[in-house]
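Shared between the two complexes below is subunit A, which has subunit B as its partner in the first and subunit C in the second.
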Partner chain A sequence: MATPTYTLIDSTVLGSSASSVTFSSISQDYRDLVLVVELVSTNTSFAALRFNSDSGSNYSNVWMQGDGSTASSSSQTTTYIRGFSSAARTNPIMATFQIMDYSATDKHKSTLTRSLDPGLSTPVDKTVAYAGRWASTSAITQIDVVAISNSYDVGSTFYLYGIEA
Partner chain B sequence: MQLIETIEVGSGGAASIEFTSIPQDGVDLVVKFSGRSTNGANRIACTFNSGSFSWIYLLGTGSSASSNSGTNSSYVYTGDSDYTANTFGNTEIYIANYTSATDKSISVDAVNENNATEAIQVIHAVKASMSQSITSLTLSGSANLAQYSTASLYKITAD
Partner chain C sequence: MSLILLGILNSQAAAAGGAAAYDLLETQVLTSSASSVTFTGLGSYTDYKHLQIRAVWAPTGSSNVGMRIRLNGDTGSNYFHHQLWGQSSSVSSQGFSNRSYWQISEGVQGVGWDSNVFSPTVIDLLDFSSTSKNTTGKFFLGGLNNVIGSPHITLSSGGWNNTNALTSIEIFCNGTLAAKSRFSLMGVK
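Our next item is the complex of A and B:
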């Protein structure tokens, strides 16, 4: 099997804080997308994805997580694809989002996400694996990385790659 | 994603696999490792030119799930020498922003399976506390790595 390529489509490194980062007019030339987010946060924020500006409750999430002592699993249908939730911290934290068959017009879009999740209300570090579904057959042409509450701080990085078939 | 180097352990085994003089023109690093130890250990260390480590894992065995944390560099999975012959463990390590002068965020996915008698699937979230770019990377254990253990180092660039 050939090694899948990571071709950079677009990137953003924040020079000032922002409540969202948008990748628009996404090329439809790839099979899958990979979004790597490394977040610097001095306040409470999420790394959540919305596609094509859809803010409806069309996103299903199921996840499993470990906090260093307990393993658990849960699910949620909400208005975004879940990434990590970050309480104030000085360490950068990372999430990798895989978005499969993003240009297909005959299937809902599936996502897989891995993240170190510092926790929201209580800053307990966790490692989390998410599976998500966007209930739409539209090709993804825009991704908004949304902080949900507060903002992303200076130095946060967002890299969007295309994976060739 | 561009291959930087692949190293395969030769006859007689090796104490470690080392990548040195890592190019600094990438954004992220990916290590794909297939390994087997020559003692009873099924985890080995991944260290850099500097840094201390902390991690949290989520582990499934096929019958139960558990979570643990640690402050060492042993987050790379190998086939145990007690395993069936030719059984190797596999680990992928993703290191974000490896040239930064801040702590490094690392995501690890690994599997270990021994002829249906033992199986592990595990994900680690690792933090490397360091204020330097990663210029070298070493995989090593308490015993040698067996012949045919292989590691490939890739860089993901912004080209």
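Our next item is the complex of A and C:
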């Protein structure tokens, strides 16, 4: 029996600048989440995800990127799931996060992300693919989208979808 | 300032109108290790144009293996695929033709390293019921549990030199799929 899914759980459009956006009390009725973020930021900011308010160094990221002339890859263990980083700019930047098995309690949480990532130093627009892992078996009940430094500007959008799977 | 969104509900689910276009069809969660996972009877899903498989998986043991896909049980040399992956500081690419399966990634390390670590994967199979053109797929995989080398991120795509409509999809690896691995088949209209 087919089950319609890809359900919009919640969304917001910033009417004033904010240093973070929090989705809390997330329903456990789904298996995966998709978070679509498009940011306007006239100052340095990140699209960084933290789960269940965990700000410890429990997140690992690996990514590859290309800017039209060169391609590179890197990885890090840090305090957030990485979506992009950007210096101040007028054009929006975006990331789509696939958060897999978020409600499971028998495995670490993993993510797949595609983004436009200008970067912080000598910013150049790049297309980036990320994979991330939160080293916790807890079900995700809260997601903080954190700017890390500075804030997101008016007009930034955040859409959270649930997928039964 | 922090904007807090409380009371997450499904109230906006159908607000946009129109028929649902993305459905869960089947899910298989391994309760014990298995050599493969197969979705069969795809001919009953012709209401859909495309298929997507959302997987969170790992092999058993601790050695590196790659995820593989075979269509309609075809073991002939009828598959080609290309991979683009980032690992350590470099991005690499490779391609293969005349293979007997799609290999959508190289080295994903097994739960022998860490039984909690599974690799996320999204597989898209396009126009799967067409009988007028060969079948194509694209793949997105994070090899998170790889410590023999290092974690990697892989984008890949492939073609199956056959115009038959898909009737089955077999997912396997050059090892054994670990318990707790999950594979969900989604239909896209």
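Heads up, the rule we're going with is that the second predicted complex is superposed on the first by the 161 of 165 C-alpha atoms of A that agree within 3 Å, B and C clash if a C-alpha of one lies under 4 Å from a C-alpha of the other, contacts with A are read in each partner's own complex, and residues count from 1 in each chain.
Going forward, a contact is a pair of C-beta atoms (placed from the backbone, for glycine too) under 8 Å apart; a residue touches a chain by one contact, two chains touch by 3 or more.
Keep in mind that what you see is a predicted model, and the values were worked out from it rather than measured.
Undergrad: Examine A:Met64 and indicate which partner it touches, taking first as subunit B and second as subunit C; both and neither are also allowed.
TA: After superposing on A, A:Met64 lies in contact with both subunit B and subunit C.
Undergrad: Kindly classify A:Thr5 by the partners it touches after superposition: subunit B alone (first), subunit C alone (second), both, or neither?
TA: both
Undergrad: Quick one: is A:Gly83 in contact with subunit B, with subunit C, with both, or with neither? Answer first, second, both or neither.
TA: After superposition on chain A, A:Gly83 lies in contact with neither partner.
Undergrad: With both structures fitted on chain A, tell me whether subunit B or subunit C touches more of subunit A's residues.
TA: C
Undergrad: What is the contact status of A:Ser16 with respect to subunit B (first) and subunit C (second): first, second, both, or neither?
TA: Only subunit C; A:Ser16 stays clear of subunit B.
Undergrad: Let me test your reading of the model: by the given contact rule, A:Thr96 touches which partner, first (subunit B), second (subunit C), both or neither?
TA: Touch partner of A:Thr96: subunit B, not subunit C.
Undergrad: When the two structures are overlaid on chain A, which partner does A:Glu164 contact: first (subunit B), second (subunit C), both, or neither?
TA: Second partner only.
Undergrad: Contacts for A:Arg31 in the overlay, against subunit B (first) and subunit C (second): which applies, first, second, both or neither?
TA: Second partner only.
Undergrad: Is A:Ser74 in contact with subunit B, with subunit C, with both, or with neither (first, second, both, neither)?
TA: Only subunit C is touched by A:Ser74; subunit B is not.
Undergrad: Need the overlap of the two footprints on subunit A, from subunit B and from subunit C, as residue ranges.
TA: After superposing on chain A, subunit A residues 3-6, 8, 11, 64-66, 71, 114, 129 contact both subunit B and subunit C.
Undergrad: For the complex, give me every residue of subunit A touching subunit B.
TA: On the subunit A side, the touching residues are 3-6, 8, 11, 36, 38, 64-71, 91-94, 96, 114-117, 125-129, 155, 157, 159, 161.
Undergrad: Which residues of subunit C touch subunit A once you look at their complex with the stated criterion?
TA: That would be residues 1-10, 12-13, 15-16, 20-25, 27, 47, 54, 56, 84-91, 114, 116-122, 140-144, 150-153, 155, 180, 182, 184, 186-187 of subunit C.
Undergrad: Quick one: which bits of subunit A touch subunit C in the complex? Just the residue numbers, please.
TA: Where subunit A meets subunit C, its residues are 2-12, 14, 16-27, 29, 31-32, 60, 62-66, 71-75, 98, 100-101, 104, 106-108, 110-112, 114, 129-133, 135, 137, 144, 151, 160, 162-165.
Undergrad: Could you pull out which subunit B residues touch subunit A in their complex?
TA: Per the stated touch rule, the residues are 1, 3, 27-28, 56-59, 65-69, 94, 96-97, 100, 102-103, 105-107, 109, 123-125, 127, 154, 156-159.
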